[in-house]
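You will see two complexes here that share chain A, one where it goes with chain B and one where it goes with chain C.
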Partner chain A sequence: MSRRVLRWWPVALATLIVLALAYGLLKPGQSPVTPLVGQTAPAFSLPTLRGGKISLAALHGRPVVVNFWASWCVPCQQETPTLERFAARYGKQAAFLGVTFSDPVADARRFVQQYGISYPVLIDHRSDTAINYGVTGVPETFFINAQGVIVYHAVGPLTAALLRKELARIGVAVRPS
Partner chain B sequence: MKLLLAALLWLLASLALAGRWTPAEEARALALGNDLRCPVCAGETVSQSTAALARHMLGQIKSQIRSGRSDPQILAYFVARYGRNILLTPPHSGLGLLIWLLPAAALLVGGGLYLRYLRRQDQPDGSAPPEERLAEVDRLIRENSPPELGREHR
Partner chain C sequence: MNTLFAYSLSPSSALGSLGLLLALGFALLGFLLSLGGGLSGDVRLAEGGRRSAWAVFLFTTLAVLVLEVATVRNDFSLRYVADHSTTLTPLWVKLVTLWSALAGSVLFWAWVLSLYTFLLSLVARNDVLRPWVMATMLFNLLFFLGINLTAVNPFTAMPLPPSQGAGPNPLLQNNAMMAVHPVLMYLGYVGLSVPFAYAVAALASGRLGESWLVQTRRWTLLSWMFLSAALVAGAFWSYEVLGWGGYWAWDPVENAAFFPWLFTTAYLHSLQIQERRRMLKAWNVWLIIAAYCSTLLGTFLTRSGVVESVHSFAAGPSGPLFLVFFGVSTLGGVILASWRLSSLRDPRRIEGVLSRESAFLAGNLVFVAFALMVIGGTLFPILVGVLTGAQSSVGAPFYDFFAIPLGLLLLALMGLGPLLPWNRQAKVWPALRWPLAAFLASLVLIWALGVHHLGPALTVGLAGFNLAGLIQLTSQAARQRGGIAALPGLVRSYPRRYGAYLAHLGLVIVALGLAFSGSYQRQQTATISRGQTAQLLGTPVRFLGLSQRQDPQRQSVVAHLVAGGEAMNPAIRVYGNAPTDPVATPEVYFRPVVDRYLTLLAYSGQGNWVTVRLIKTPLVSWIWVGTLILLLGTGTTLISGKARELSSQAASHLAREGA
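== the complex of A and B ==
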């Protein structure tokens, strides 16, 4: 290698580092993907707002949608009517479950009444289930197939298009809108 | 009757103590919490944060300590759920190892280059002007100087 090339390699290296840092800073933000996608969904057994308990194990063999929400969360207020509509339509094929996140029970109850939520809402008092699912905020939704494997993890409010797509992926026969 | 009362008191006391964390357990939980990034905060560890989720995570750490899990097992539990980003320090393997080694390598290479530069400065490299050239430059200066400067020169 010639001396001229050797003289320029520190400059080339520095340029490469600066470009890599600039790419890291300027690239568009990516939604965090949980390492749990493709894994068996963590088990839970939680009390419901209406009394009684629901465990994931009891739902084995059915697709399950687990939605973490809180009454104080604005995107949750936006997505709930859509989720409720899909739960009413596909509730026989898949189990829809809401799980409260850092929310007093009284507030959660008021929210359920206000939005007419028909699917079971579970109380996760110490956020053990949220931590088990790697939840970092609300709303976050997990789509679990009939074999109990997490197929998709949605961060942010659900839309009708996303629900249609992901419900189909976990084995729900989605009708055209 | 006295014996029964004493047994009851002993049972109550042990139940009350069972719920308490020993200073060692508390210190271990805080140290582990300092290795984990609070997922809902900006630049805070689980131990530093007052966010509800961070408090619950610290509670989980304590529960796992109580159930006899080792530190690597507890950290692996959180990595399995939140990904490697949950760790405040990069792992000492794979790509993480590169992050640890790169500063040392940069220091060595930079230090080496600087030493080489210093040595070169000290050594006569043959580019110094020879005597004849110096004499010629001196003659040219004298010839091209204004008369008064030239006189001073002479």
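== the complex of A and C ==
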């Protein structure tokens, strides 16, 4: 390549960076569309922190919220009080489940204690369930309707607005706050 | 755009918006006049542009004062005040509310920029570059004032003012560093627009002489000093407040403050090669552009939500606008430089392999490589997102992989540079003999003392190398002047040289602090019943009981413990405006050798037990002390940087060009 062309390489590089940032900024939606949305939720049967086992099949007929979290994850600490508030409020209509993700049981237990989590927390020892659900990081939350179909997959911390909207979509009668 | 003329109902809103509007008007006027002055060479136009900058500063200051007064007086007719303050907020928090959220922080940025522009209009040398410099600064101001009036307006009125505001983020009102770190950061960030304005001026006007680079040296040093202080103040804040006992997490926004620092550090050294040897002019211009554009990148990253970060402001409509500004500035600078600089050839080449300029140049390459790696790591998740659509993140292991070797290399070059002579292929062995011996001796000693991590051990060795070199250089010079008593006079005659030595000494201390605190931190968590003692990391920790403390704006639960015979009282605070967001407030005992750091993680309502984490970190205080020495050294080089240190040849060259 000639010198004349070569001298413009910084311009090309700067343009590429700007374009990449523009794409990162403007790409539609923050959550990737998971192929699982619209599909039947993968079955699981996992031990809980308090002992005992919970399986998805046993909850059939109720809407379910499955929240993958870890005690070391900062956004999880942000969302947990909100999720707990909703679980306390709508726990009769829908099942709220936490699933620990790459987290020592002792740490998870301390987190549950610290945030006063009342809904069951399941231990996913070898991350089999997380893999089945295609979880790429924490927090991620799946909203499953009474027919067992995944309606929404939230990536990142939950907000009250999002919970209200998605709970309504899986058939929970959401009261105005 | 519906907030452009937000005059309805509120005097504060009307006055603040008016101030901003007038500032914007004068910025536009000043920009056009300066541009006209630059293009036509008409002195009257240029002078008009210069004086417009004074009006811009005046009216931006008015806007800042309006917002401050409104916050202090609980004027909730401003949405910004209603969203980010309360009547119970302490006065100091109210005063810093200016920069605690997006709209106010942009106003504060605009104010700092208008301050720099104002100062520049007073002290900049009256030459052909000045109108171009003013035009560039005012163009910057146009952007910041413009978005302040539209997308992120701090003067939007509330039609029905609430009786109480929503209040500041708990983390931001929990530590006095909120009053220090952002201010230093903005002074450093915005200060880099001065050398950039000079670079644009030189490129646009085609006057690529050397005098402007030297003129910007002090501005750059000043910004660099603020930036260094801001980085460490942020680290200190993170250490003291966040409860994890660390001070640096390679967070995208920490990185965004770090890569301008790397580029600027490189520039401050290569500038000396240009002053002494008239080389690397094009390289220096590129470094200035890179440093400034990376500050804009950092601004964009914090305000767009493109990357996940603890520093992010709430994502708003300003992201695309910041991106456009970043794009315009970066592409503008890069295109100008590619166009003008390709024809530039340095009149000389580096001759000696072991000369000071080759050490400086090697250091420069390491700095730039370091910066590019950090930028790469920061932008990598976005690039992966573009190519595959997957989300990903880059963590500390990636950064440590290159930061530690490159840091050690820089430490070695930092010691080597001052020992080598400029240009000559002189015998270097006599100068290097003792420092090399000190390197080996410290390495062997620290290894024998049981430090078997390669990173910290090499850091100690290189610290010995650096110290021996600095002592040797200083004592030789003092001896030639008649002994140690001559040292003060020597410093007064050569403030740049001895200021730099002092700065290097500070960095050596910082490096030791980083190496040991990074490698030898230990922590242990335990739940302790009241009246019981637990052994944590070999220290007996006894839990005495809990107490409650009620302040107007918050409630604190304080745990009373005795750790190793010292009372320690970590707390968990709950702010009234954010009851779901408790803030752990660790108690830290700063010690010269090992810091003791206790965080309250959980407690029982009746005060029967607490869960605490004890963290012991060695030498972390050295980072803070070393930085103070670094700043002192930089300050020394700033106060009296006189041209007499230049070689007579370069000085006469400058005199010719300046005339």
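What we mean here is this: the second predicted complex is superposed on the first by the 147 of 177 C-alpha atoms of A that agree within 3 Å, B and C clash if a C-alpha of one lies under 4 Å from a C-alpha of the other, contacts with A are read in each partner's own complex, and residues count from 1 in each chain.
Throughout what follows, a residue touches a chain if its C-beta (ideal position, glycine included) is under 8 Å from a C-beta of that chain, and two chains touch if they have at least 3 such contacts.
Only a predicted model underlies this, so the values are computations on that prediction, with no experimental measurement involved.
Chemist: Any idea whether chain B or chain C touches more of chain A?
Modeler: The partner making contact with more of chain A's residues is C.
Chemist: Output check: A:Val11 vs chain B and chain C. Expected answer is one of first, second, both, neither. What do you get?
Modeler: So A:Val11 only meets chain C here.
Chemist: Touch test for A:Gly137: chain B only (first), chain C only (second), both, or neither?
Modeler: The answer is both, since A:Gly137 touches chain B and chain C.
Chemist: In the overlay, answer first, second, both or neither for which of chain B and chain C A:Ala58 touches.
Modeler: Touch partners of A:Ala58: none, neither chain B nor chain C.
Chemist: Once the shared chain is lined up, is A:Ser127 touching chain B (first), chain C (second), both, or neither of them?
Modeler: The first partner, chain B, only.
Chemist: Mind working out whether A:Ser102 is in touch with chain B, chain C, both or neither, as first, second, both or neither?
Modeler: It touches chain B, and chain C stays clear.
Chemist: May I ask you to decide whether A:Leu36 touches chain B, chain C, both, or neither, giving the answer as first, second, both or neither?
Modeler: A:Leu36 contacts chain B only, not chain C.
Chemist: With both complexes superposed on chain A, which partner does A:Ala168 reach: first (chain B), second (chain C), both or neither?
Modeler: Neither partner.
Chemist: Using the superposition described at the top, list the residues of chain A that contact chain B and also contact chain C.
Modeler: Touching chain B in the first complex and chain C in the second, residues 10, 32, 136-137 of chain A appear in both lists.
Chemist: Enumerate the contact residues on chain A facing chain B in the complex.
Modeler: Where chain A meets chain B, its residues are 10, 32-36, 42, 102, 126-128, 130-137.
Chemist: Give every residue of chain C touching chain A within the complex, in rising order.
Modeler: Touching chain A from chain C are residues 286, 293, 300, 304, 306, 308, 310, 319-320, 323, 326-327, 330-331, 334-335, 337-338, 342, 379, 382-383, 385-386, 389-393, 525, 580-581, 601-602, 611.
Chemist: Where on chain A does chain C make contact in their complex?
Modeler: 3, 7-8, 10-11, 14-15, 17-18, 20-27, 32, 74-75, 81-82, 85, 110, 113-114, 136-137, 155
Chemist: Once bound in the complex, which stretches of chain B touch chain A?
Modeler: It is residues 39-40, 52-53, 56-57, 59-60, 79-83, 85, 113 of chain B that touch chain A.
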